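Data block below; observations after.
Each chain gets a letter, A, B, C and D, in the order it is written, and its residues are counted from 1.
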Amino acid sequence: MPINHDHKTANALEIQGVGRRFGGFWAVKDVSLSVRPGERRAVLGPNGAGKTTLFNVLTGDLAASAGTIRMDGADVTQTPMHKRIKGGLRRTYQHAHLFDGLTVRETLFLAVSSVAGGWQRFMPLKPSDGAIGKAESLAQMSGLCSDLGREVANLSHGQRRQLEIGMALAENPKMLLLDEPAAGLSPSERPRLAELLLSLPKDITIVLIEHDMDIALRTSDSVSVLHNGRLLAEGSPENIMSNEAVHDVYMGGAHGH
Amino acid sequence: MFTNLKTITMTSALALGAFAAPASAEDIKIGVISILEGAFAALGQDGIRGVELAVAEAGGEVAGNEIEVIVMSSDASPDSAVNAARKLIEQDGVDIIVGPLSGSEGLALRDLSKSFPAVTFLNGSSAAQDTTLRDASDNFFRFGGDGAQWMVGVGSFAHDDLGYEKVAVVAEDYSFPYTQVLGFMTEFCAAGGTVPEKFWTPIGAKDYSSIVYSIPSDVDAVFVALGGADAVNFLTQYNQAGGDKPIIGGSITIDQSILDSEGPFKQQLIGAPAGTPTVSDYDGAEWKEFTASYTGQFPDGFSAPSIFAHHYYMSAHAAILALEEVNGDLSGDQAAFRAALTDLEFVTPTGGTMRLDENRNGIVDNFVTEVFEREDGTLGNRVVKVVRDVDQSLGQDPAAFLAQGPVSRDNPSCP
Amino acid sequence: MTFFLIVTLNGLTLAALYFLAASGFTLIFGLMRTVNMAHGALLLLGGYVGFEVAKTTGFWPLGILGGGLAAAFAGALIQFGILGRFQGDELRQTLASIALSIIMADLMLWYWGGITYQVALPDALAGGFKLPLLGVGYASIRLVLIIFAVVVGITLWLVIAKTRLGAIIRAGVDDREMLRALGFDVAKIFIIVFALGGLLAGMAGVVAASALSIAPGTDLQFLLSSLVVVIVGGMGSVGGAALGALLIGLAEQYGLAYAPTYGVVFTFAIMVFVLAVRPQGLLGRSET
Amino acid sequence: MKSALFLLPFALVPFFANDFWLVQIFGRALILGIIALSLTFLAAYLGVVSFAQATMAGVAGYTVAYFGPNTVDVGREMPFFVVLPLAMIMATLSGAIIGLIARRSQGIYAIMITLAIGVAFFYFTRQNYNYFNGWTGFSGIRAPEIAGTSLREPLPFYLLIILVSALCLLFVNGFIKSPLGLTIQAVRDAPKRVLAIGIPTTPVIVSAYAFAGFIAGSGGILNVWYQERISSFSVGLGPIVDILVIAVIGGLKNPIGAFIGALAFVLLDTFAVDFIDRERFNTLIGLVLLAIIMGAPDGLHGLAKSWLSRFKKRPSENQV
């Protein structure tokens, strides 16, 4: 399914009545959202609120049980994952799924060249095609310049997060879905991650799930709060901070951590 | 021992020292290939006894040259027989190979023998027809005959003496049973009998019950060419299903191990004819002597030599006789030895005269046997007919016999 | 028509045997994810021991029990002594069980020789009887075999559905980590289940030695048939083993009756078809 | 490059060995090593243990037998320069088809499924006479003469085996650094992530199996020339398990392991009968296998590596 690129009229992301059911249980129900191009949106909510399920539905990891998903104005509800990726969507995972057997350079190279597409990806590498160069500039962007030759299995936790983001940046994505990028990071690694997020090009739309309120509020323009699979509130970080309902269900839970 | 092996693996330099095969010039080395693993192990072991018996009878030497016997095991697959033979030839430096046991292995060694013209191959008990009939090899000798020769006498006995006109065939789906069926049908069809249906079953089939019910009800008897467990399974199930047709057996179908197993099917076998080149309790004088020699040499062997001991013995015995004739001279690519083998005539343990045809295949004696009940209630096989001088063309003109084409599922046919 | 019904009946008896052999295999696989390649060897061991016991005591049911217990003991020993050491490393377990099957087959060949064994049946079961309606003879032992398989199947179902051990097994099939988290002695449970799988295999061996016969090579035949039954029916599911055994048993008999040369290939055609359409097997859960 | 140097000692064998050691031991070991290499490749880089490698080799072997000179009445003869590429294509294709069937299976499931496919092929060759000549199979298969040199002669044949082994090792080592090779390893580590960067995994898995089929096919052609025959036995449970045993005792983590394992296996297979009461050597083989599985999880290659590193403690070993 071709995806239209009509930036002027369309929202980057427009979902309507989206739901996902597991057996009789709706993990996400009747969620509608719209995200402008270039917007930084944080999705908050306590554990089990359906945030990751929503992400999985957006990327195509899971099929939506109800509703429609539009990206750049095009309906992608039935589009398989790798085609959405070609259309400019990238994601990271909560539990870093990385290629432990490869080096950082190889990983970023794959991220770059895979999106280049077609049967070329099954052809031998041409040294001239610049993919390696692109991979190295991604490493620069994600702060992994000095670790290009290291095996991914040997990276620190924070570096794995950086690599995740680096991979997601390959081939100029339009939209990034970041699933808890700060999870498991030490306090000293967190500010560095926030810096990295802030330094990303402004034309990329970012949707971010985050538990770390500080990072979430510092890096986002607007916030949506999920609770029990439904959308509870939406607004600017300040509004959300002062929202009674959010305080009751979420902030209370968050302080328990 | 395992430590040794690891050392060889790890340091190839050490292994290089082991390359030169130790050989003493005076010895005559006989390599034996038999199946010493899996289901045939007990039978394969008896084949080895046959060779050891022949060597022992010769006092372990020929014209002052000591005979050294080197044994290799195969696993019934042609590949393993070829590997065993190559090891015996190239590493152990044997002059003569005796073996193998089964049909496909025999064809494989026949092919291999063409690549080693300096070694003489004497077949063990393998009985595929084409091993010597088609594409024969100059240095491959078979004294024991093939699976079709082993059925000679049965077809005419079934038709003329027992009065069977219509017989169904149940046999395993590979070359040896094909050959046996050919041996039976050649005579039976020529005598005017018909075989309306042949059931080829995969080897190792467990459950024959559906075949049992497929056997036409208007046949006079069932010819069964199955071996070992397959035969026991079929006969049991045939009996349990109420099958009441008389049975005619192939050479390995009604052997003593099946007669000794338990089950009501046994009653049905009484009177069943079969063809075989070896009858354990044959009462010919030469056979009794042979049996005494066997049991004396191998107290832990079978109570009488099996078909395998008999056939391996004949090959080794023939080799020793020919060696004696040439005083152990194996020079000139064994030319004199082979000429002696080709012209050899000797009395076999079954009392016949063994000699070879122009394809170096034995002209053998064959027995038609019949299952009978001994006085103690156990079953045995007794000889009803001896057919002497059976050649590979089964008494037909060799050219006409060849023209009938290679044996297969559909050849021969007389529905 | 009569012929078709007879062949169907034959298919059912063969299915009963396949189910007995495959149920232990699938049980072990379901809980431990161990592909026990020595399962066929356990079955053969049970058959041999059952033969000896039945011959010594002259009592056939005791033979079944003895064969089952011997294989159960051997199974427990295998899990306790060898496979249990690599719990979680399924590849090494599989490879170790291959080595074990080679050793066991060779030792059994040593002790029992290469000949064919049949367990003598009680007189009441030894022969055949006339089937009502169809008017042809049929082997009594084959009907007993079907009944035996149904009884074992129901017992197994009751054990899994109603007992504490069954509850543990069911929980473990879903999530093995949970068992550990709940404080069960997982190593002990695995040994028990391995013994149970061995018991089923051993009894199947004695039954196979009664209805058909056993000899070296029987171990591989039943290992392969169990493998196919379990792949078709769904790995780890006892109900799947029953369904798979039914399909394979019937297919094999129809094949043997109507197209003997390719009968075996039909069996595998079913398997490949199932794999292509429903890789987890008919009643299996998805792998992920 | 470095790993192909490992074959250097093999290249020296002709200076010392008689024909038996040259072809029966080292030649056969290298041939089995090539087939096992295809398994090691799948295990090390796709993370799947396959039982179907003898099957893929068998497909190539049967193609050579059917279209080459043989002494049975089946097949049609074609020139070897047509037959060889055809055999490689068939083997690669068979790998791809097996990969397609097993694409969704990993770990223990893949083991069962590939084993079942291998056994199905075995039964089919045993029953089919039109293409596989059933039980008996093909015999009298001869390696061709190229430029006046008969490949049936021990030395030229051995040199060819060495050459193919080295090429296969180089292929594998080159392939795993190619974009597709990297993707295969990525699928091993995190298949979902591969989807997330926009690569459908099925073609990757299928191409890994196809590549394994290509390697196994090279070994299969050499094997059929070595045996000068092929039959249902050559693709039966025995050879299937042998290939697995070779790969495992050699070590599944490094392509070289396949050749180490093959040499150990061939020595054991040939000489075990001389060491122990000849009737019990299957027990011996089983015990050796069990000991290696239990004592050396990374096989002989892993064992040798840890011994070596104990002797010379060089810190900078991770530069590969």
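Simple rule for what comes next: a contact is a pair of C-beta atoms (placed from the backbone, for glycine too) under 8 Å apart; a residue touches a chain by one contact, two chains touch by 3 or more.
These numbers come from a predicted model, not from an experiment.
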Chain ID, smallest distance between chain and overall C-alpha centroids: D
Approximate Å spacing (C-alpha centroids) for the pair chain B, chain D: 35
Chain centre separation in whole Å, for chain B relative to chain A (CA means): 74
Length of the line joining the C-alpha centres of chain A and chain C, rounded to whole Å: 49
Residue list for chain D, restricted to those that touch at least two other chains: 123, 127, 279, 282
Junction residues of chain B - those touching two or more other chains: 37, 41, 173, 202, 409
Chain C residues counted as touching two or more neighbouring chains: 106, 261, 264
Interchain pairs in contact, sorted by label: A-D, B-C, B-D, C-D
Interfacial residue positions of chain C with respect to chain D in the complex: 29, 33-35, 82, 85, 89-92, 94-96, 98-100, 102-103, 105-107, 110, 220, 224, 227-228, 230-231, 235, 261-262, 264-265, 268-269, 271-272, 275-276, 279, 287
Residue ranges of chain D in contact with chain A within the complex: 178-180, 182-183, 185-186, 188-190, 192-200, 203, 207
For the chain A and chain D complex, residues of the former touching the latter: 59, 61, 80-82, 85-86, 90-91, 93, 97-102, 106-107, 109-111, 113-115, 117, 121-125, 167, 170
Residues of chain B defined as touching chain C within the complex: 37-43, 173, 199-202, 204-211, 213-214, 228-229, 232-233, 236-237, 239-243, 257-258, 261-264, 409
Residues of chain D that touch chain B when the two form their complex: 9, 16-21, 23-24, 28, 71, 73, 123, 126-127, 129, 134-137, 139-140, 152, 227-229, 231, 233-234, 236, 238, 260, 263-264, 267-268, 270-271, 273, 275-276, 278-279, 281-282, 288, 291, 300, 304
